[in-house]
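Going by the order they are written in, the chains are A, B, C and D; count residues from 1 in each one.
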């Protein structure tokens, strides 16, 4: 691996200063489960790594029934899974976080890192988009908020500018009778990258759907919001026909490729399957809330 | 020559200080700087688990952590599982149940299984399979490994 | 389950803890990568970014200037060897191809082909140096499919390559093997049902968790020591000597503990480079491959295209079989197609058959052995067709196999008759298993069975048995222990010497410290090295009896040896234990060492039958294996736990091959999945518990009845899974792996 | 008199005969006798005084380990088969 320097700031300001340092070669080190592999492969060559795991704001999970969730960008996936509030209020996002890699990876990887890595196949990103999560970013020019659905701009590309740090993800408190779900398909039962990932969040009024948002992963250069699919459900009774139709609309918007993880044709089909399944799971949960 | 960083941490109960380059992984540091070759390199991408160590109670792949990140941490490696000359029940059961063949993945499995039993002393077969899914073994088909962990859990329960 | 057991044993058949166990569970065991020496340098290899290209020039000036870089070695620094098959040491190969695979000269023939090697003071500096080496390539079109490579107008990999049939024509077809008997036309005419299908299987890797490694230490006296994880230290010695132009006797190979091989660690890659770099720098040089290098640049096993046509009468008798098989050799000749052709129909009695096999070079890594090399691809085809014929005849698939199964005296495809074999018994073991008798319920589920055959190997082994002063013993062999063979070696010696297993320790010695041993492979160690240990232990017993005779002043014939004691036949004196006798060694003629070396005959063929239950998700076409049982004829299980371990491990590899493992190349011939993330070996969440049923039909060719158990269990699973998928979905899969997107395509086609 | 079975691709050397009868008490002598009956056979299977690396001989179902020196019984059945790497795969890297 090429040579670089390592810094471990204790505050957001210090981290931003270090990330903004001359030569835009600084990158954030969080769980390291992507960046270290990319550096070994020579894909990324930062001259400085800034370890943000020591910054308190990035390590907290704060939930307030009114203002909702503030999820520190560096919270390890396993901590999310073990958090009862997360399991209760955001089961889909919690599942997504728990699907990333093995137990070993879970101990290190974070939702913030998963997002900043900018992979079209990231598991937590569709779950965040379905929940309309907002990324709270602090940089040399101050703070800004970016909807997660606008965060990833291409494979490995994001809106993050040099010197900027993703501090936390903010999600509104779930309305009554709403919930979310995330499913992915992988060839094995563990350790794989999603062939397709689907995140769904919806709100019910009795059996009538009043809001639904569906986000697709690994079927395009970035995550895709299946708007028509979501809107097609609004005002409708969530029956098999409606769900079937939403699945079809979702598979129509995806733009997958053939690769070693699956064919485009297969991915399009699976998008429909997982859309239907996540809708059923989310609906089931929403009825209980 | 690259500048080195001084790191202090606890490894298997011993306060340890070492110097390493930022680009040296914790695995490389353990093996090449500290001479602790029990943790094995299988892939350097976090996919095989042969380099598993426990950091502050969580099992991690030491190939995906930098040596400098160990500062202030509490580490357990396979070398720290046996107490004096007495094997950990997992080590004993791996031997008795023939849960190893070539043995290269064994340290990683033992460490990951220890991390599991430390949190869940009485896991089901499925819980064991889930917890060990990040550790690849190519020799055994996992059958005898799963049995060994079940047996070790039983022994530890009975105390 | 044991059948046909005749001999009585005290230790053989028990399950003691292996002698090397404690070191392996405490992290003390030393594998190749664990060796370090003062002043040691680290070596890395620059590899081809192209699948097929001419090397116009290599410039490594900049690399040498990088502080910490000590040497660079390229192809022209190694001797150029004539292209000709020759015996090198004890094995026969073409040293020209071997050397060109170790380090490319004029051409690179696959993505990952070694081009240059660097030694530096640290691993990271060596890696940085690789980026500074400038190689000018003329990129050539890649050949990635056997059928393309066989076309008359295909690009040629090796201008000098010829085969026997067209001695004047450049070709990519290195060899054609054919087996033929009876009258095919008559055979098929006699059939009521004929099934004909074509099969494709992808290149797959052994997937051992330990990457290849080597430490080379060259000394000024012209000698070199190589520390490495290998299945064949003696082969590493002779191959490296040839590639480096050194006398065999000047190289010592120290076999480190080995982290899996499955056939993949039977040749050389890094070993001669580490020595060459050590010679160039005067320092020890350690080289370790990354996982990506292991997958791209070591020896996987062949992808293949296979056509199988078989006929049967309606009452279930096989009448004829015709097979055409082309195997990817990789960049240099030598695929396991011959073994594939010799195994594909071996389990069955066939009067009329023709098998044609072709060994084809293309732009992929040179294949190496992989557990029953060639047999798994072949059985995927034949065992699927057998299953289909059984179905057409309305006969239970196991009964169908028993009806047509080979027995002692049945002719193998290549001609020779089988000796005593246990195929029928192995089929019956599955037929009588709780698994096969159980009813499989639930939607989208299916059960499949398949059988497999493997020759097993004899070859050469050496063993010494040393009796220590306290009456304990050590067993020394040259066979690296991959799966617990030190346990079985010490058990065999303990059985003969009548000692408790705790008093017999087995070790694996370096190439200077023990006579020749061929590779640990071919399921041969317990069979052949075990035979040498058995004879060496008896040699020690003979000497112990001589000492007792001398002490008692009796004739040798008057002394017996039973249960670890020398006994005077016509009584009078109390028996003497090995311990008693050992105490008197100094005054009765000195230490006792039993010796034996064998070129083993009497190899016992192995058969396995596998039964799997699967469930297929109808929406995603993803397959889950619910239950798996493997029955195998071990002849005699020395240490049943490690026999079961071999059977379970082979089954797991077979299931991985069946479902998700494959080399994925893009159209430029670049491997797209050279890591464990996308080269998908089964995790423990992907497999069920695997029941192993040991069948024991003793091999009359071995003093203990041993056959060898290391390989055959990998052969049946892919076909068994395919047959199970058919029962669950109604679709016959003819491609490996049967990954979700492939199975979706097949089921989808059927649906629409 | 031993019976020798000829592999398909070698039958061009024996005028298409699948099996022939030959005399000799070793593999070497048998091959010499076949050479007398079918000139050219010897060079096909022998190279620098030894069986070619790619060829093995099975005597009564047992792969001969002694090469040309292996003894042949009165009514032995002999098969020429491809040499394998003793079960470790393609021993012959051509």
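We adopt the following convention: a contact is a pair of C-beta atoms (placed from the backbone, for glycine too) under 8 Å apart; a residue touches a chain by one contact, two chains touch by 3 or more.
Keep in mind that what you see is a predicted model, and the values were worked out from it rather than measured.
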item	value
Between B-C and A-B, the pair joined by more C-beta contacts	B-C
Intercentroid distance (Cα basis), chain D paired with chain B, Å	55
Distance from the mean Cα position of chain C to that of chain B, given in whole angstrom	29
Whole-Å gap between the CA centroids of chain A and chain D	68
Touching two or more other chains - residues of chain D	none
Of all residues in chain A, the ones touching two or more other chains	1-3, 189-191
Touching two or more other chains - residue numbers and ranges from chain C	124, 676-677, 683, 685
Every chain pair meeting the contact rule	A-B, A-C, B-C, C-D
Residues of chain B that touch chain A when the two form their complex	2, 5, 21-23, 25, 44-47, 49, 52, 55, 58-61, 63-66, 68-69, 71, 112, 115-116, 130-135
Residues of chain B defined as touching chain C within the complex	1, 21, 23-24, 28, 31-32, 35-45, 47-48, 50, 77-79, 81-82, 87, 91, 94-98, 100-107, 110, 125, 128-130, 132-146
Interface residues, chain A side, partner chain C - complex	1-3, 42, 185, 187-193, 195, 259-263, 265-266, 269-270, 273
Complex contacts: residues of chain C adjacent to chain A	124, 127-128, 131, 619-620, 622, 624, 659-660, 664, 672-673, 676-678, 680, 682-683, 685-686, 739-741, 744-745, 748
Chain C residues touching chain B - in the complex, by the definition given at the top	15, 17-18, 20-22, 24-31, 33-34, 36, 67-68, 123-124, 206-211, 257-262, 288, 290-291, 482-484, 639, 641-642, 644-646, 648-649, 651-653, 675-677, 681, 683-685, 687, 689-690
